[in-house]
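Below, subunit A partners subunit B and then partners subunit C, in two separate complexes.
Coming up: the complex of A and B.
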């Protein structure tokens, strides 16, 4: 029971960290119908930004978010404006995959050139401290990640459903042509949404870098997990990403108790089984947008 | 119009085939008769410059380059400069196989050096064997590599299966009251780690130490924290971790620290041997202190060849002897051994090189090298190293040049 409880706790807290990394991916898909497969390397880029601020400016990684979030936002806007905006017509989705892959390769190359291949981790004294709850040691960094995930996802929801800009986003999501006809600057909405999606990644990258060692290559392992999370949660559903991430990581952690070699298999088997029953994921696109 | 295009195409193809044939004749005559003595000797290798083994691959590249620079400064091999042709395999066995085929058939290299890791060495050695190349390598020491019984394979480093033996003997020698009672054996699903873990588990069990955790986890990055939490929950007094890289050891260390779990002995099969990269990743000296790793070389080795290499390495890359990745020495040794065989056979005939390597004892920065029929280095000595206050020191086997083992391992962060 102790091991099971620890596995569930690890799954919920670790899942929240993955949700934080996947939130931007699902937001961008929900609004722009683009699968940003550069999301993995963007998480790694954000981790490196936090790492660099921590090592060179001795800035606490949490405070560093005040710098990394705006940087990532601007990067997202630039990418959308320079590359994604130009994609039109029926081939847009397929072309966007290629463009995002190219962006990922460029970022990876730049990170290799700047930081090399040696794995690094973000170190701060309180990251390794824990709180003892119900017999389990819960790491502060995982609790911080959980808190950031809840705050980020709540903030995105509030923005989408309680602000004028959120209405513009939802209108663009439902019908871009009609949105343009009623005076919404669709290009501006798309650029800012892409920027927000990438900005959220700054927090995910910081927590990822504090809970793992990473190098420029780490994005490849991440993107497959992040894609499976947003597909299971329902492409475009922010809350779905949170639930799916917790569900999948918890399943993986529980399998780890008995047979760790099967954990990764079970992770993807869960995805396949759920999709057989609900092809649109746990909170499929239509349901998510209807909320 | 169609007939004209077809004729044009036929002429073009014929010209291309003729050019290729002429190029091949030219290439083969050069290599077989040796009529171009001043052209460089090209040595091909595939290394993991990106991907999961990239830290090791980059260190190997430094070792190969350092050796090539030294050889060229001394006048080259057989009076010819040495040129390295290194291709990136992204840590993928299939890509490594493709790279060696390209090096042999397209780049027409004269000699081959091995890749990083047993996982990539086993399939690539087959390619080298098919084309009659001697395959000298420094990181393919798993039993599964030698089980192929290839006559062209030569591993200059320590065969890995019994690498932890000095530590196991030390534990056995402890007074009954101090000896640990329980051990945990988590290991990556990798041909390099599993034989070492199985060997340690059998030996410790035979000495009456109870195995309280023994599981294999996936080779690809996974949720290490849950696995490490189970090891911590087992309260094992010894942890023998089958790891291939720094991230795995770091993840276990971080989870152990968070669980306030301090085993008396913590040894990892790889990771702690990667110098300053390891110390930084685990969060500094406090989390590295007392951690052990088996290997055949360390930066403070009294071997004169090693001291020269260390001094040159620091001259180029800076740092300290303890901060040098052991992969650098493994790669450098590959070059040294190949150079001795080439010099002794006075040529680049790979068949003669293979015969020489099987029948002579050579020297390297890692110590003497003498191969058995399947390419294991019988002269290699297993050492166990330990991090002690930011210094990477040899602690076992005890004797001249060894530092006293710190046992039990200090509490994390102290």
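Coming up: the complex of A and C.
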């Protein structure tokens, strides 16, 4: 039972970090109607940035976020502005997938060139300490990650529902053409949303890099998890991503107690079973039309 | 498109008539050239390019039969490729096949691909386009993980092919002709499907699934059939690939780059056309091999590959074949001194095959025209 409770606690804390990364993915999907399959490698890129800052500049990874978040934001805006914006027509969805994949491959190659394939991890003195709460041993870094994720997701929610810009984003999500007609600068909304969606990987990547060892290849594993989470939660639903991430990571941690080799399969098995029952995911809206 | 001038119609017609005579002749010439290729270029280094190119011609054409025609982009066809490779590998080992006998296992590999595609398709095709892509990726990772962890697959070290005592100078030829046979059959199948009622139904689903349903297309059945059909050649060519490269391991058999490579090939040539994926594979695969040999470090190759990818998608978003076909049609139309849009609209009642390439050129309008034409 103790082991089980520990697994649930780890699942919820770890799930929050995945929720943050998935929130970026689902936000981008909601506004731009594209799936950014480069999100996984961007998390790895952000992790490497944090790693490089802490190794070369001896910067605390938490302080380093002040640098990495803007970098990832600008990267996202540039990608949307330079590539995604140009895609038009019937095959737009498919082509945006390929464009994102191409970007992912380029980033992967660049990371290999710069850092090699030896797995590394972000290390700081206080990251490895544990805190004893309610009978559970919780890693300090997991708590930091949980806190960061909660703050970031709350900030995204406030931005979406309490600001004028958030209203433009929601309007664009509902109907991009109508939003354009009432004077919303849809291109600007799209660029900034893409930037925000990518910027959350800075925080996610820092925590990921501190809790796992990683190399440029880690992006594939990450993106397949993130995609499972956003589909399970329902594409475009941030709340859904939150619930799905908690659920998936907890399920994985629990299976991990008995069957470490097959723990990852649980992800996909859960996804397939849920979609058999509910093709739109847990919180997804029914699509009005087939396109 | 309201008023089609007479000149435009004749131009369109001329293009069709030219196509009717030149296309079969051209195809035969290309077929003969491909069949004679290893007899003319006997250097194994050259035929090596031929084998890999044909492997991807078959894979990209098969992928296009489902994804190109239906518009549902699958990034999980490596499941069939890897399963075919593993099946042939395991069967060869267990049944003690040697030499050319191994090629006899290929139809069984195709059958396995079809059998796998049914549950895969039933799960993945319940959802709409965006989610479909992701499900195919998820299923792909399930298979890769199984290859790592099951005992029959040999885990991380993979499965090694037995050594073959073919003469070194003509060593590649059996593989070349096996790949050639599968590729030729796949292209023929793709062409037959495209001009059939079934092909029209798939493409109607691509254009507007709800409307197609309303018109009586049994979308679920059609999509699943196309998915299963497209899995067969991919599984077979996976078997050839294993025997040729002599090794399959989880990361090479179930390779995410494979999924994206076939998609890129189809996009470069022209998604949903018969010739497009063939052309795309013939351009990209040899280029990739060449780069790999020239650039020693894998990461530079990755960067180059990604950059090429971006350039292709941004410069030629519709692919070579539709773009060139439209240019030719426009050119003919201009020579006939007819201003206005080039006449891609086929005469009522025209067979779908005649609108072939140009139908894709003029988004939607003529595709629908061809649908009604078939029904009339």
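Criterion: the second predicted complex is superposed on the first by the 282 of 291 C-alpha atoms of A that agree within 3 Å, B and C clash if a C-alpha of one lies under 4 Å from a C-alpha of the other, contacts with A are read in each partner's own complex, and residues count from 1 in each chain.
Keep this in mind: a contact is a pair of C-beta atoms (placed from the backbone, for glycine too) under 8 Å apart; a residue touches a chain by one contact, two chains touch by 3 or more.
Since we're looking at a predicted model, the values are computed, not measured.
Quick one: subunit B and subunit C on subunit A, clash or fit?
Result for subunit B and subunit C: clash.
Which partner chains sit in contact with A:185 here, subunit B, subunit C, both or neither? Use first/second/both/neither.
neither
Now for A:106: first (subunit B), second (subunit C), both, or neither, which partner does it touch?
Touch status of A:106: second partner only.
In the overlaid three-chain picture, which partner chain does A:268 touch, first (subunit B) or second (subunit C), both, or neither?
A:268: touches subunit C, not subunit B.
Residues of subunit A touched: more by subunit B or subunit C?
Of subunit B and subunit C, C contacts more residues of subunit A.
Touching A:10, do we find subunit B (first), subunit C (second), both, or neither?
So A:10 only meets subunit B here.
Is A:174 touching anything from subunit B or subunit C once the two structures are fitted on A? First, second, both or neither.
neither
For A:163, using the defined touch cut-off, is the partner it touches subunit B, subunit C, both, or neither? Pick first, second, both or neither.
Touch status of A:163: no partner.
Determine where on subunit A the residues touched by subunit B overlap those touched by subunit C, and list them.
Touching subunit B and subunit C on subunit A: residues 112, 261, 264.
Within their complex, state which residues of subunit C touch subunit A.
Residue positions touching the partner: 71, 73, 75, 123, 126-131, 133-135, 137-139, 141-142, 145-146, 149, 208-210, 213, 256-257, 260, 263-264, 267, 271, 297-307, 309-310, 313-314, 317-318, 363-364.
Mind pulling up the subunit B residues that touch subunit A in the complex?
49-52, 54-55, 57-58, 186, 189, 215-218, 220-223, 225-227, 229-230, 233, 245-247, 250-251, 254, 257-260, 277, 280-281, 283-284, 413
For the complex, which residues does subunit A have touching subunit B?
Residues 2-3, 6-7, 10-11, 14, 112, 116-121, 123, 128-130, 137, 139, 211-218, 221, 249, 252-253, 256-257, 259-261, 263-264 of subunit A touch subunit B in their complex.
Of all residues in subunit A, which touch subunit C in the complex?
29, 33, 35, 37, 83, 86-91, 93-95, 97-99, 101-106, 108-110, 112-113, 220, 224, 227-228, 230-231, 235, 261-262, 264-265, 267-269, 271-272, 275-276, 279-281, 287, 289-291
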